Amino acid sequence: MKRELLDVCVHCGFCLPTCPTYVTTGDEAESPRGRIYLMSLAERGETPIGGAFTEHIDSCLGCLACVPACPSGVQYNLLIEAARPRIEQEAPRSLGERSFRRLVFGLFPYPRRLRVAAVFGVLYQRVGIRPTRLLSRLPARVRALESLLPPVRVRDLFARTPRATPPAGSARRRVALLTGCAQRVFFGKVNAATVRVLAAEGCEVVAPRGQGCCGALSLHSGRDDEARRFARRTIDAFGDGYDAIVVNVAGCGSTMKEYGELLSDDPAYRERAAAFAAKVRDVTELLAELPPIAPRHPVEARVAYHDACHLANAQRITAQPRQVLAAIPGVELVDVPEAQICCGSAGVYNLLQPETAEELGKRKAANLTSVKPDVIATANAGCLLQIGRFTSDGTPIVHPVELVDASIRGAAAPKGG
Amino acid sequence: MALTDLRDKLVADLGRDGVIDDPAHLRTYECDALTGYRVVPALVVLPRDAGEVATAVRACAEHGVPFVARGAGTGLSGGALPTADGVVISLQRLRRIIEVDPVNRRAVVQPGVTNLDISKAAAAYGLYYAPDPSSQQVCTIGGNVAENSGGAHCLKYGFTANHVLAVDVVLPDGTPTRLGGDAPHQAGFDLLGAFVGSEGTLGVVTAVVVRLLHTPATVRTLAADFDSTETAGAAVTAVIAAGIVPAAIEMMDNLAIQAVNEAVDAGFDPDTAAVLIIELDGPADEVEERFAEVTAVCTAATRVTIARDAEQRARFWRGRKAAFAAVGRLSPNYFVQDGVVPRTRLGEALARIAAMADEAGLRVANVFHAGDGNLHPLVLYSEAAGEHERAEALSSAIAELCVELGGSLSGEHGIGTDKACSMPRMFSTDDLETMKRLRAAFDPAGLCNPGKIFPTPRLCGERPGPYRPHPLESAGVIERL
Amino acid sequence: MKPATLAELRDAVRDTDGPLVVRGAGTAAGWAGTPLPGATEIETTGLDRLLAYNPDDMTVAVEAGMPLTRLQAELAPHGQRIALDAARTPAGATVGGLVATADSGPLRHSHGGPRDLVIGVTVVLADGTVARSGGHVIKNVAGYDLGKLFCGSFGTLGVIAEVVLRVHPLPPATRTVALPCDAVEAVDAAGRLLAARLEPVALEWCDGSLLARYEGGPSSVERRAAVTPGTPLDGAAEAKAWQRVGDVSEEQTVVRCGTRPDQLPYVAKHATRVASSVAVGVHTVAVAGDAEVERLRAEFEHVTLCRRPPGSDLPAWGRPHTAVPLMRAVKQRFDPAGRLGAGRFAPWF
């Protein structure tokens, strides 16, 4: 927590209405301004790490909605990333807290382990024992874990992205695709759609083997060393020779664009990391760059687009996904109330702070369904899971690239499950 | 002892979740947007509805504990500065829009609703809430009532006081009452008018009835560059003298433009000495006729950019409204000043401010509501370089200069803590004592936001600054008896 | 007593004992209750100077006893006016009197009343204290706004000695359109005119006609009038129509009341004549007798009695609204001995 970064905050409060935890609690300490104030006090040694400090830093979703809202240019992303490790290092957590965190961070970044867990989960759902009464008495965290599981088939969990896919026609770009960890397990169909769309738009798509977690979950939870380990491995696994590194998960993309800073103290990786980061593109970003060549078929649907925080706030990508969606004939894009408020997913936040996440999830679902969309589109795995959990009216929730895929293939818009 | 009892009582009535007493947590409430003054409160309460506000106020009154209402904490005069051993009553959980009534063109809202959210809720009916302080996306209507907030468009539309029909308040003894009525006609004195702008010293607002206006049929906006602030000021006078009442006339000088351009993509010329943003709104014919007159008056401008669409207009305003905070990019620290001069003395005021800044060796950026003569000089300084005192002195001197020129210490930010000691420059002892009679009628125990507006020996030293005659008084136009 | 300077006024208050009653031109002497007999009268009409006027600043300071018509005559050559058109103005009403009674006319639709135009006051309290509030600039939040507090105080809190007002430009052109309609239709028609965003400067329903007045550039005014339903009035007819609005205040029993705008039909059913600023919900109501006043008071909270026939024993005020205890507290602090305007505000005070 660097003094000069903290001092940029002039306490004007422009961040308050964008902050999900402030909007729900009305408490100054649950706002970016309040959190920066606590960081500032801690930096001066006026308040201990732990107690209120831990409570209010932990409760930050890291959605970064405050960053574009800040007229003074406070780099809250750097501040929160610096504050979290202090807690991990200096403020002992309870045994239960530590065990749960170990479980989460030992599971999600590892596709193979996650797949095994998910198989059990799906089978458990199949058996049809979702005893709601019992369920409602489980601790909120376990309930969150349980109910996040999307309606997938066991077969889906093992879907694989082909190592290389040739472009339709001559190649305009050679790109590498991050297949993700949770993404790969739960949203194989999004990866498949991404590959099809990119190929149709003249990209040679490579899915490098040996890639694992990009490190986003760890970085956003103050587990810096772990994040750096994942980052180095990702850089190694991808190697060189691509025009772009394509990501279809907003949280991963934002972290990978920061690899340069993350590994800036590592002489062996510093330059490679910066070069790697410069090539990272969200899939919607790349599609907006490439003039469409594949013909689009009409997809008649009212689409509510939800800005994933790590796309809109961390990467400042808001126009491109809308542009890509609006280019589909028949699609009507509708504005959603409280668009800038996070859905509560925020990486593993919904597992660590389930009550707030639940409140935000319900709020987001209500706002999205209030505009009566046929489809909800959002470009982040976590948002897809979270919104799916709280949208009860069966409105299908898809990644924008799935709609583009449907349009290119001439298929109907995805139906609700 | 009283505080322990009070805390227990508040926890019992408002719930654990509604009372903050953790020391680190309390510190996040120690200041509003004016961070130069900090006092840690003994307790913070977060009531959920009007009933809980009344409960909290009554409990404070019964225990003889002072209390301060707080909205979004965006105030720039330290108006929500806590009192030590006192309670902060945050109204941030009273955020419901109770009713939007399109037939009668009004809305009933709780005090924690933001200014902009009222307009958003009214938009479905083609209506909006007119006063638009620069912090409108954050600041709450409760705070607007306390400060009688203005904004860029108050040149044509007036201030909060002109747009509030009624307020539900909890008086400092805990009694709920309503001031104002269903229409701008009250049976009796205008207590509502006296309450709006009383800086939270007369009671705590729990609901506000605001008038809504139809959004104007046409809005035309231009940004005109000038080679000096004086020529820009002359253009302002010329527009007003032509009998035109624009919706807004804003000015920014070069330093402010630099800050704004860094913060948002507003598209102002970084090399111009001053820019005027002039906006006209109303029926299409009327606006077009008048807009032609305005552009004709701006002949001294080096460049005139007419906003071609809503997007470009929004960019101008984004730039203007982000200006205060954007100055954070030019300087590690700065004071935001707020004073008013008669519009015809704008040029003189700016020249004298520039001279004072030179003398102090500090930079001053100017962003202001030129049509109203409402200056917002931003005094840039570095805490680290030990410039704090010099900057503070310059800032105060600028406010007092405004009084000397026949204006006011504050156009919209309020007196609060910041300028209480300067009040004797503008008002005589009898003036202030008369105002205190009003305060005593509302708050005989003096528990409601004490220490604000009026100079106190503790704040100002034993001898507040001496009264200086108003220029009209010096000129023999008015007499001070 | 008829002081001619602020000092004389201060002395007149300070150096006398016993009850006082303030009088301007006497055009609203019967409003808000009858002063108790025996009070010494302080007449403000001797305080009638223009104190400061700089047209480019669009503010003017006057002594309270100046008649508004004379002030308007001072401003007109500079293309300016006070945007206040209370019905009693032609009868000689003073600026101070209009403030003390919070009186206004049809321009309230766009400009509000005295509270919205007064930017500073000098008052003399019952103990001779001379106090100023506000100032000479339109935008000003320093200190409490005593100017607003004194609006509607009817001389019971202090004597208004000086008033600083904001001025507005005189419009280059005006045009009024009259639309015959009943009270229910008037509410709807007013709503539609506003929704059409034609921005009338006054919108008054009187004697079965909705009058919409436009001000502005000549061509804009004519075009707005042309798209307004009803008949555009020529000069003489226009003056006559607005004269009728003013005449409502001259009836035998007159009250002013404030309601939600859509309540006009409920107000009108008690009235013999109404001049209603229909979009803001402020109505000047002539009624047949005291019983109708009581009925209005039973339905609406903010009713001010303006005129009653000689000999009527109708109380000036009805059931107290929730802020009346606070009014009493303010009165107590400003005039603890109850010297000023005793009898006004009876039975509330």
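Residue numbering begins at 1 within each chain, and the chains themselves are lettered A, B and C in the order written.
Everything below uses one rule, namely that a residue touches a chain if its C-beta (ideal position, glycine included) is under 8 Å from a C-beta of that chain, and two chains touch if they have at least 3 such contacts.
None of the values given here were measured: they were computed from a predicted structure.
Geometrically, the chain at the heart of the complex, using CA-atom means, is B.
Judged by contacting C-beta pairs, the busier of the interfaces B-C and A-B is B-C.
In terms of their C-alpha centroids, the spacing between chain A and chain C amounts to 61 Å.
Separating the CA-averaged centres of chain B and chain C is a span of 28 Å.
Each chain gets a centre from the mean of its Cα atoms; for chain A and chain B, those two points are 39 Å apart. In chain C, no position touches at least two other chains.
Those residues of chain C that touch chain B in the shared complex are 5-7, 10, 51-52, 54-59, 61, 79, 102, 108, 112-113, 115-116, 122-123, 125, 129-133, 135-153, 157, 162, 168-170, 172, 187, 191, 194-195, 197-199, 216-217, 219-220, 223-224, 256-263, 279-282, 300-304, 317, 321-327, 329-330, 332-334, 345, 348.
Looking at the complex, you find that chain B touches chain C at residues 101, 103-106, 126, 147-148, 150, 154, 158-159, 161-162, 171, 177-179, 181-194, 196-198, 214-217, 237, 240-241, 243-245, 282-283, 285-286, 289-290, 340-344, 369, 372-374, 406-415, 419, 423, 426-428, 430-435, 437-442, 453, 472, 477-481. Chain A makes touch with chain B in their complex at residues 7-14, 16-17, 26-29, 33-34, 37-38, 41, 46-48, 51-53, 56, 70-73. Across the complex, chain A is touched by residues 20, 22-25, 27-29, 31-33, 35, 46, 72-74, 90, 92-93, 95, 112, 114, 135, 137-139, 262-264, 322, 324-326, 328-329, 332, 334 of chain B.
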